[in-house]
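Multiple structures are listed underneath, in structure tokens.
Shared between the two complexes below is subunit A, which pairs with subunit B and subunit C, respectively.
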Partner chain A sequence: MATISLDRVGKIYPGGVRAVEGVDLRIAHGEFTVLVGPSGCGKSTLLRMIAGLETITEGVMKIDDLVVNQLPPQARDIAMVFQNYALYPHMNVHDNMAFGLLRRRKFPSRLKSIFSGSYNSGRKTEQQEINRKVTAAAATLGITQLLGRRPAALSGGQRQRVALGRALVRQPKVFLLDEPLSNLDAKLRVEMRAELRMLHRRLGVTMVYVTHDQEEAMSLGDRVVVLKDGLVQQIAAPQEIYSKPANRFVAEFVGTPTMNMLEGSLTMKDNWATFASKSLQFQGVVSAWQPLAPRGAQSAVLGIRPEHVLLNAAGGMSATVDAVEHYGDRMDVVVQASGQRLVARCGPDASIHEGSTISVAVDLTRAHLFENNQAGMRIG
Partner chain B sequence: MRRGSEIWKTFTYLARGVFAFAAIALVLWSFGRVGLRQWNHWRESAEIKQELVVLHWSGEGGPEEDEIVDNSLRAFEAANPGVRVRRINPGDAGSFYTKLQTMLASGEPPDVFYVGAERVASFSDMDLLEPLDRFLESDHAGNVADRIKLEDFYPTTVSAFRFDGKNAGNGALYGIPKDFTTVGFYYNKDLFAKAGLKFPSNNWTWDEYIADARAIAKLKDANGEPYIGSEFVTWPMMVRAYLRSEGVEVRGNNFDDLRLEDPKVQAALERLRSWRQDETNTLTSGRSKLATGAAVFTTGRVGMAGPFGRWVVPEYRRIHDFDWDYAPLPRGAADGNVIATVSWSMAKQSKNKDTAWKLIRWLTGPDAQASGAKLGLAIPTNRAVAQSTAFLDSTKKPLNNQGFLDPAPNALVVDWPANPRFEQLLGTTLDRALKVGDQTVKQSTDDFNRMWLAENSSPLARGNFEAFPWSLFGWSISMCAIVVISLLAFLALRSYGDSAMTREARWGWLLVSPWLLGFMIFMAFPIVMSLLLGFAKWRGVSTLDEATWVGWGNYKQLLFHDERFITSLKVTLYYTIIAVPGGQMLALLAALLMNQKVRGIHFFRAAWYLPSVLAGVGVAVLWRWVFDTDGGLMNAALRPLLHVFGATPPDWFGKDAATWGAPAFAIMGFWMVGGGMMIYLAGLQGVPEELHEAAQIDGVGAFGRFFRITIPMLSPVILFNVIMSIIGCFQVFTQAFVMTGGEPGDLTRFYVLYLYNQAFEFYEMGYASAMAWILLVIILAFTMLTLRGSRKLVHYEGLRR
Partner chain C sequence: MSNSNGATNMKYDSLRAGAVGGGVMRTLSFISLVCGTAIIVFPLLWMVLVSLLTPDRAQAATVSGDLTKLFPNDPQWNNFSDALSQMGSVRWKGFFDALANSIVVTTLVVTGTVLSSSLVGFALARIRFRGNNALFLLMLGTMMLPGQVTMIPLFLLFRNLGWVDTILPLVVPAFFGSAFFIFMYRQFIAQVPEALVEAAKVDGWGWFGIWWHVMLPLCRPVTAICAVFTFIFTWNDFLAPLIYLHSDEQATLAVALNSFRNQYGGVNKVNLLMAASLVTMIPCILLFLVAQRQFIEGLGKGAVKG
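== the complex of A and B ==
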């Protein structure tokens, strides 16, 4: 178990391309941290920097208060699971898992002892210890029956487990996982997600997990780090990321379907909010926005999660139903109101038909407000 | 013009059309040319009553000799209307004999050609030469105006071409000598003056010779480097010349009576060995094919060079750095010298013998001899011409022309027995004592006697064999061929029910047919022929119907009685053992280097690969000089390095040839690892980067990753390269052929080189075919062994991804 701390950590490639910029992050003992973001956001680079596979060009990185900037991977006591598993094709599962342990043996091999003249029976004990650890790890992951096989003879899920086992058996301070589930089919991915979660709880080890899938990030992480263009957007618990996105990017990145975003102008009279977007207008009491009142009418972006768009509500505006998507447990409804498109989520039993007219309202108290600019920072 | 644009499409369409048209035009044009030539040939033959084919070489004489022969032939044509002479000059003597062999084997021999006196016995033994006595007699009887009067010639040169079936000198005359030479030493006048020596006289002795050599060996140049007393070539002919000057011979009256055990012979050889081996810088000897002859002398670092004949003169005339002259072979106990001579001879199979004789008369007449003498490379055989200013030209070096003529009356021709293996065997066995020095003279002569006995007592040499049952094999091969062809025809023509499929299949057969045809004619047929010839004795200088059936004779002789075969196998194995692991390690190392992400890496890759695409012969010539013991790059680099340890660099193809001869070729091969490197590079780039990263995280350092990840992942590639390399090593030929010719001794005579010697120097095509099949079995065995032995070490999983 270990803490990881990143202080203004950045990475500039020799060509001048900036991959990661000024990351400040403290990962506690036993924490499950997920790095998430669209492809090219620098999440994998950041993970590889923690692993020691990429050099750190700016800032300070510590593992357990030890500055690791210049340490090679083998000196950092970490384990990593790769997207393509990176199993050694020429070794069977047992040897794949034992490989990292063999390198850490204290006693010399028989061959070396011929020269040093100090063959020690400790070597044998050591070998038995390695076998015991491998067997134990295999049992944990339920791959005991695969130990004799080569990776080529395994299915995707089995390989995934072996890759995990290889990391597990070493009992490292830190677990790094680089999109480990992305090569699995959807059903298996969900299963493995739960297993990973369980594994983490059981081991209580520090894990850093990279994914581009926000759902995976939310479901797995104790804390989620959202990255975009090498910059940290938000670091928070999944619930907070969802309910209080730090900016417009996070708001849109997290949640399915995507949050509705309406550009317009907000006028606060005490706690009475009026948001006008083109010919649409929403009104209501939002005491949280009261501090914005002195600014008068201001340009802003209103974000409403689909579940907070109310259909067939009293006093709503009239809208036409463009599309209805049934999910069994719920329905996503795309409506058009005064030329603005909104997605709403409602219960499965509502009787809504495509092409029909419907009334739409918004629960402003649960809406998000962002600056209407490039940064799109949250203002309420 | 962007790719994919309309203009681009039109352009590529047109370009393809132009290329297709050009290709068709080229094919039609070349066919047309050949056809036209053949047509002209036919048209002319209507006017020309007779055509003669003349084959000759122009090695030392170069383009001048080529021109002189050509002029002489054109003059003959002018003087004899209706006769056309076609002249073929393949280049040097080696190519000449190969060409002659193929012409004889195809049943279309040249009518008139050069024959060196040393080949008279073997050629007449193979019944290739027409005896010329009857033409001389009929000329005499008819009192022809320009008839050849043998009494005008130096008698030894004439008797050199007489052979009675056992010995040279007597019997039928098989050629009219065109020119000759005696042998002696060329000396560097400047070095003689520097050492305060007086120039050799025309009757100097070996004692004077060696004293001069020792005096020059004591000289040092401005850099303190010593000079070398004398170059002494140990060609069998020259060793025999040396023995003659001591009044002894390797044989008695004939070659059944060998005298190598004679104490006088042993003593003379021992003296020569000791001069070369026990003294520093007194004698050197031609270390290779290239370094013999002119080259060493022209450096100006050797006092004397020889024994050489007149043939080096054209090359020595290009020396401008120092003054030189010639002295005949020194006297020992006797006054002996030898003659080397070349004749114009007539093929037994010639169809126009009378005209051919007229041509020989023309080519050996005084006028032709006088014009030949201008070259300076040989002495006219006609005594009057030799004594005239045509030869005795005092304006050009060497001034001592008389030194060539004086020994002529007492000089004898160096004859050889009909079995052409004798000469090479004598040379290689004696060289172990004289050149390499790792054997005593007695050991060498014992080796010779033993191997010559084995050669002579072999059933192959003595037995009378039945004619090769060509009809039997012919029938069975024809039957097989018919079966195969009809099977192919059936496959090609059969219907697949579906007409589209049938059409596709027929197109397939049509398109593959050029290759199929080529394979059957140029691969399958020769393979079957060589398999059959392995059971035959066929000299390759007659048509195939003269082959005889020897059963397993060739194989038995090779495996149980041919020591030189075993030696060549050992040399090849020694080379393979060094070249394969060394070469592969270097190739892998180079590939690792070339796999780095460095600016300009493409340039470096090209640079590493370049030597592999250079022409083999050119590279070999280059490397011959790299390995030159005194002036070579290799030793120049090694000398200061080894000096630290108090050692000296090896005399690669000389004294240290037993250890360093074959490895030198391996080292040379290391220069050409580019091909293997490219394959390794491709393999390396197929090793996923994550594996290295995973191993790095597993705590494995760079070396560990190389041995635990890179090597196992690369193992199928390594196996492939090792097998290809083993095959290549067993087939090594060009380098050795060009650089050393197998010398010294048999220490660089690789398997295929020995095979070549058998086929094209000893004219034993059957024997050579058997060798080729044994080589196939050896290579197959090694490949299987490697495949089996590597089963546990090679991981194919890395390829399946």
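== the complex of A and C ==
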């Protein structure tokens, strides 16, 4: 079992800069957790705190019920894959992978074996065991043919596999991965993503993964932790993050193209919703928003995913097509309706041309509603 | 048409002028390089020539200034064995004693300097502790002190320890680092990506393990420079062995050469002195030729993506 629990964990740097604040997180055994957020949000700092490479200034962190706040990395039984791979350039791939295993025998037992005369035979079996583990890990990752090469002679993808192998071979309790795919080209990144997912399923170990790429986070994670300015914004499964974002930041951060946001006022009459934004007005039956009815007209932000903006819909508003982006399997269409900009997504065969006028409607039942303030919390 | 022809001619003229200018520059730089090489090579050549002369010709060439006698018409190869065997009071013993002493002292000093300087340089570059920078500056400050200032206090210290006429005063200080090489190691290690140290920590290694297994191999270019310079300095060092080593049995080659010169430094056997000096120089020249590739080679490639 390898669980990680963070209880009000925070990090303040000596200069007073607060990098991470009050993180509460329980990671179950075998869970693939992804920390995601824009650069500077504290996600890498949080991962490095789990690794023991950054000190924890607030809160309690446990790995398997053991408080690790003061433990150095070598005592935490973790393995980490670094963004720039951090392979030892003077060692070949085999030695890079074996490096973490060499130290498993403690000094006193080594000294004892020297005096008892079993040092050489002990060393030999130790070396055989290391070789067996390295070969097995290399076979898992398909890098057996690279074992004799130095890192300088490897491509980016191969180095990435070696870095993974180095983590794998030690069979640690927890795998920590710090943006491991960000240096790969787009095609390789997608391939490695699928491999990582399969590897996780096969090994069943606890993995914590850091990325700034929301697509990567959504595709890899069992659970996704969205961070901003050192604060956790939402912890949930990818589908929930997408369909029920906790606040405006999460809603805008996740999903491509970004969710359309319209500031305006909402009036509920029973379950009949009217949302007015400048000269735009959307109406419809939204039972989910009914609890908001007693508040009367209220300022709010309406969030609509591009796929929920309906083009050429009957009874829609008139809009001008500003731009059309073709992706082969779909089209993203940017329209202007009464001075408001909306992005819509539609099928690849829709006959829409730049400069033309079309009608636009919004499926309010699938829209999101946020407070119109800085926090922008979800209200419906 | 004529305009374009004129422009073309001008272009060719300027090209030719450039070529001529380039040729002159090349010739000038060639001549200056040849002169520089001659200045450096001449003493060496002079040594080789004198070491092969008969005593009479050597005397004529060096003392009487008759340069026509400088070229050996009958090279005396046995000058080398004569010179080495006549070093010290017992035939051959003086040379082999001095050679053994030089090898032991130099090996220990090189090992001590490389290990201690790299370790301290690593600590100053990578371990964050209070007073790190102050210590570094203090260490740099010791480089400003001329060696002569500490010579007498050091001698008194080593005499009180009972180390005079042993190799300890020459060897032990080397295990406490050399300010210049600590500085070099620190600057080099500061350039090594922090991720490598962190990866080694996650792999279960402590500071000593990281220094030995990761940093020292990565610092090969610096180690080569440190080892070669320390070797040459220690091998050729005359003053320290002269101060601390008093008996013939303890003398290093440089000191033994000096006693040899007192014996033969007169005008009649300068050829043997040159022969012995040449033999003493061989390890330095060989080492420099072997290690020079390391000066240029950098091992940092492939550590991180790029």
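Things to note:
We adopt the following convention: the second predicted complex is superposed on the first by the 365 of 380 C-alpha atoms of A that agree within 3 Å, B and C clash if a C-alpha of one lies under 4 Å from a C-alpha of the other, contacts with A are read in each partner's own complex, and residues count from 1 in each chain.
Please note the rule applied: a contact is a pair of C-beta atoms (placed from the backbone, for glycine too) under 8 Å apart; a residue touches a chain by one contact, two chains touch by 3 or more.
Model, not experiment: these values are computed from the prediction.
Of the two partner chains placed by the overlay, only subunit C lies in contact with A:R159; subunit B stays clear of it.
By the touch criterion defined above, A:P151 lies against subunit B and subunit C together after alignment on the C-alpha atoms of chain A. In the superposition on chain A, A:M80 makes contact with both subunit B and subunit C.
Using the contact criterion defined above for the overlaid structures, shared-chain residue A:N183 touches subunit C, although it does not reach subunit B.
In the superposed model, A:P72 makes contact with both subunit B and subunit C.
Touch criterion not met for A:G204: it reaches neither subunit B nor subunit C.
After overlaying the two complexes on the shared chain, residue contacts for A:P291 are found with neither subunit B nor subunit C. Judged by the touch definition given at the top, the superposed model places A:P348 against neither subunit B nor subunit C.
Greater residue coverage of subunit A by touch, when subunit B is weighed against subunit C, goes to C.
Residues 51-53, 72-74, 78-80, 82, 84, 86, 88-90, 99-100, 103-104, 150-152, 166, 170 of subunit A lie at the contact with subunit B in one complex and at the contact with subunit C in the other. Touching subunit A in their complex are the following residues of subunit B: 688, 690-691, 693-701, 704, 708-709, 712-713, 715, 795, 797-798, 800-801. Partner subunit C is touched in their complex by these residues of subunit A: 51-53, 72-74, 78-80, 82-91, 99-100, 103-104, 150-154, 156, 159, 166, 170, 183. Listing the residues of subunit A that touch subunit B in their complex gives 51-53, 72-74, 78-80, 82, 84, 86, 88-90, 99-100, 103-104, 150-152, 166, 170. Within the complex, the subunit C residues that touch subunit A are 193, 195-196, 198-206, 209, 213-214, 217-218, 220, 299-305.
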